[in-house]
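Each structure below appears as structure tokens.
First subunit A sits with subunit B, and in the next complex the same chain sits with subunit C.
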Partner chain A sequence: MTLKAREHRLGWGLVAPALLWTGAFFALPFLAMLALSFARMEGRQIVPALDPGNYTRFLTDPTLFGALLNSLEITVLVTALSVVLAWPLAAIIAFRVPARWQRLALLLAVLPFWTSYVVRSYAWLLVLGQNGVVNRGLMAVGAIAEPLEISATRTATVIGFVHFFVMLLTLTIYANLIQLSPNYARAAADLGAGRWQTFRHVILPLTLPGVVTGAFLTFVLCIGDYITPQILGGNSELTVPQLIMLQLGRSGNFPLASALSVVLMAVVTLAYFACGRWLRLDRV
Partner chain B sequence: MALTARLSATSLALLFLTSPSFAQELNALVWCDHTDPELVAPFEEKFGVTVNLKEYEGTAAGLAILDQSQPGDWDVMVIDAVDVGRAVEAGYLAELPADQLPTADFFPELVMAANNTVNGKTYAVTEKFGYNTISYDKTKVDPADMDDMAALTSGKYDGRIGIYDYYLPVLGLVALGQGINTADINAETLPKLKDPLMALRKASKQVSDVVSAQTALATGEVDIVVGGGEWLTAVLAADNANLDWTIPKQGGLRWAQSIGVVAGSTQPDLALEFVKYIVSPEGQARLATASCYWGMPANAKAGDALSAEAKTVLRWDQQPDFLTRAQLYPIPDAATDTAMQDMWTEMLNQ
Partner chain C sequence: MRVLSWLYLALAYVFVFLPVAVLVAFSFQDGRLPVPPFKGVSFRWYEKVLGDGDLMAALGHSFLVAVVSSLIALVLGFLAAHALARVALPGSALMRGVLIAPMTVSYLIVALGLLNLFNLTGVRLSLWTAGIGHVVINLPLCFAILYAAMGDHQKNAERAARDLGAAEWQVLALVSAPMLAMPLAAAFFLSVTFSWDEFIIAFLLTRFDVTLPVEIWSMLKSGLSPATNAVGSLVFLVSVTLVILLEILVFRRAK
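Moving on, here comes the complex of A and B:
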């Protein structure tokens, strides 16, 4: 066997476990789900078929399609707000915090990750509630006379999500910022650029891979999340994951749940292609 | 040769150790109250077995799980008492020896032979019951208002109402509010419930699962929970004595859960022992005060094993009156059930 052939075999050998893993735990289940999405329910029985009825129903039923619009609106809002909040936080940690304290600062930034997601959501419920910290604080300083309706609204869902995803984005943007040489800013200043121009034309474009990577992960995790809209949103509106859970947990309608999952995957795939140019998953 | 023999012996031993049939495990499809370790521990100790508990919500989901399972996967099932017939019709429940069940000690209304028996054969036994009515904070609302369901959509309590996120009892209550008996909910009467349901949704702040509804009521997020009852407020009673519940003049719903042995169980005797333990006075007292939610035991003899405080919270002495004023859950056919769920989903997305 030639050296090249041996290297070729070795390469396949090294890749094989990952391929097998992906095939067994992603490709095959996805194909099964895809096949199930074209099946039909007859009573409680799942009848194998090639019926696009579940997709037709999704497109024509305002409740089902409305859930996708709700999911998209919430996800886009959460992603945008998280980026806006995470960028300055990451920049402060990267450029203003002394190097020896940066690790501690990052640790503090991600500390809330250490608590259970469900517990954190219920904690937010108590913070945002009628008698929660926010309303009590605002009433104590006389900013409001009556408690604000925050919990069980989309606002509560967005706040819960943003709290979570700012941490994630801070990490990806920080990882990007810390690699930037200070010479870029110096060169821009030498060429007469002001601070805003340096940020706008030099720093921001260079951090775009980190921003987009974090934003994409935020988009994927947010649009597929069931817990936060359920607990903080108080079922004030339905999102696609909640619809999927209703079909699985209550109706036992696995084909419709599969079709909704395929739709969700298609949306994520579109998002991937939309930002694929800047995506640098190695920055995560 | 020796190596082969040793390997074969090892394989057989491994097979023996990992085989479910030798593992002394009982697989039960249950509601969340059964997951209280205090409930199953005495049974596990007595019989030296492990009870694997899988929670499910809603009969459709439970039957779907059985649809997707192999015979023998499940040994015991807890099910809405009104849905026992559906499970029997689908062939999922095995006959129980009626003479080994203590139904003579039950509250008479809770024997529910019409539901637990099919063609003279007993397939399940009632284990717990309670009411889906209206829970409220008596310091925040006028208790007299809670006697009339119309008060909920009068505008007085807009934004202060939570709805329990389970379509069957809440649609049943909405039906009672419209003068429709729960047994009469069908394809013809269901459309009449849509506007009142949407009006209730409009007046409400949230639609929540058990834990969120309890949290909302306990923290003052809402003052009323439609679909609530003792099962919602009992676990909170120790911390907040202001939480109360009532059955309005239009009536309330009586929920009841039954337990049976799953057909095809590989250990029917052990499964039957579990059922017998659950309906024994000791099992009933533990089930009544299980951590997920409280409810009245079907076996009246459980009263001897319950504390006076627990009986007060459960309103033990008022049961004769409550039992006469409550109707059973709706029993929709498959098409009506789907239509009810679709209406519920539409309501959620309002």
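Moving on, here comes the complex of A and C:
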């Protein structure tokens, strides 16, 4: 056997276990889910079929389609708010905080990122609830007479999400900012650009990969999350993951749950191609 | 401008730490509800939580699942990264794509797919089935970190070892792995933290023995209680300890 052939055989041998695992426990289940989404429910029995009924039901039932609209509205709002809030935070840490304190400042800014995410949503409930810290505080200073209805609304869901994703985006944008050589800004200034022009035409475009990578991760994690809308939004309005969980629990309607998952995945894939040019997932 | 920057930074810290501060503060509440007014300091909720058999069992399960699934993800990711970084295999870009793919899919979909598969094949749900799911989500992470860390100077050392008669497994275990100690540790700790925290996969793929996030979820259903704050604070403490260890062990020494 030639050296090259031996090397190849070795290479295949090393990559095979990971590929088999991903194939058996990720690709195969996904194909099974795709097949199941075309199955029919008869009573509580799942009947294999090639029935697009789950998809037509999704498109025509206002509750189901409405859930996708809710999910999209929340996700787009959360992604936009998180980017707008995280960019200045990352920039302040990268450019204003003295170099030797930067790592500490960053570590602190994202420390609650590491709280258990079930617990994090619960903690926001304590802050935003009817008797929560915000309401009690505002009532104590006389700003409001009656507690505000924040929990069990979309506002609470959005606040809970933004809290988490601001931390995530601060990480990705900061990583991008500190790689920028100060010479770019200097060159722009030498060529007569004002501070705003330097920011708008030089710094901002150069941080696009960090912003887009973070925004894409935000989009994926936000649109697929069950916990935050369930704990903070309550059942005031449903998102797609909540709907999927309802199908699994109440009626055992796996085909419909599978179809909804396929829809969710299609949306994420569209987002992936939309960001494709700037996306650097392998360099997170 | 300068003042505004510091003000923004301060406000950001307040926003980021507000829920954690409230969570921890009211875990010491001397009363039945973890909301204002604060009635005094008491450790009884911690006593209750630490004496709770179900919770402590769930804690043990979480630890077991996190460590075992992260080790598997780490080994599979390391071998695959080594192969794809060192050997010019046909279709290697495609294979990289396949290995990274689970990163772009919601955990809920990974969980539902596996649940379907286990139902179809009659596999009973247990901590192991949840562990399989955790390997699926952590493998791309381990692979990406290790693949990015494999540089050319390691390649030369590996070649030297081979020339001196080392078998391939010896090269991997005695040369490649020690040179990648830092990224290996980083990948392992990150996987452990993600698995430790993960809810939806553990929720859908376990049945009788559950992990801590699932146990906490069932506590939430009975309403607000300082006991939940106490568990949450303890979990936060564990995660923060892991992150600080990672920072000190990996990033400080990397400098």
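Quick notes
In this section, the second predicted complex is superposed on the first by the 261 of 284 C-alpha atoms of A that agree within 3 Å, B and C clash if a C-alpha of one lies under 4 Å from a C-alpha of the other, contacts with A are read in each partner's own complex, and residues count from 1 in each chain.
Note that in this section a residue touches a chain if its C-beta (ideal position, glycine included) is under 8 Å from a C-beta of that chain, and two chains touch if they have at least 3 such contacts.
Everything quoted here is computed from the prediction, not taken from an experiment.
In the superposition on chain A, the chain among subunit B and subunit C reaching more residues of subunit A is C. Of the two partner chains placed around the shared chain by superposition, subunit B is the only one that A:A67 touches, whereas subunit C remains out of contact.
Look at A:S251: by the touch rule set out above, it reaches subunit B but stays clear of subunit C.
By the touch criterion defined above, A:L89 reaches subunit C but does not reach subunit B. By the touch criterion defined above, A:Y122 reaches both subunit B and subunit C. Residue contacts after overlaying the shared chain place A:L77 against neither subunit B nor subunit C. In the superposition on chain A, no contact is made by A:A185 with either subunit B or subunit C. Touch criterion met: A:P29 reaches subunit C, while subunit B stays clear of it.
Shared-chain residue A:A152: touches subunit B; no touch with subunit C.
In the superposition on chain A, A:N131 contacts both subunit B and subunit C. Comparing the two complexes, residues 122, 125-126, 129, 131-132, 231, 248, 254 of subunit A contact subunit B in one case and subunit C in the other.
Taken in their complex, subunit A has these residues touching subunit B: 43-46, 63, 66-67, 70, 122, 125-126, 129-132, 149, 151-152, 230-231, 234-238, 242-243, 246, 248-252, 254.
Within the complex, the subunit B residues that touch subunit A are 56-58, 60-61, 63-65, 67-68, 90, 159, 162, 165, 167, 205-209, 212, 215-216, 219-221, 334, 338, 341-342, 345-346, 348-349. Across the interface of their complex, subunit A is touched by residues 2, 5-6, 8-9, 12-13, 15-20, 22-23, 26, 33-37, 76-77, 79-80, 82-84, 86-87, 89, 95-96, 98-110, 112-117, 119-120, 132-133, 135-136, 139, 143-144, 147-148, 168, 193, 196-197, 199-200, 204, 212-213, 216-217, 220, 224, 228-229, 231-232, 235-236, 239-240, 242-243, 247, 251 of subunit C. Looking at the complex, you find that subunit A touches subunit C at residues 7-8, 10-15, 17-19, 21-23, 25-30, 32-33, 36, 85, 88-89, 92-93, 96-97, 103, 105, 107-112, 114-120, 122-127, 129, 131-133, 136-137, 163, 166-167, 220-221, 223-227, 231, 241, 244-245, 248, 254, 257-258, 261, 264-265, 268-269, 272, 281-284.
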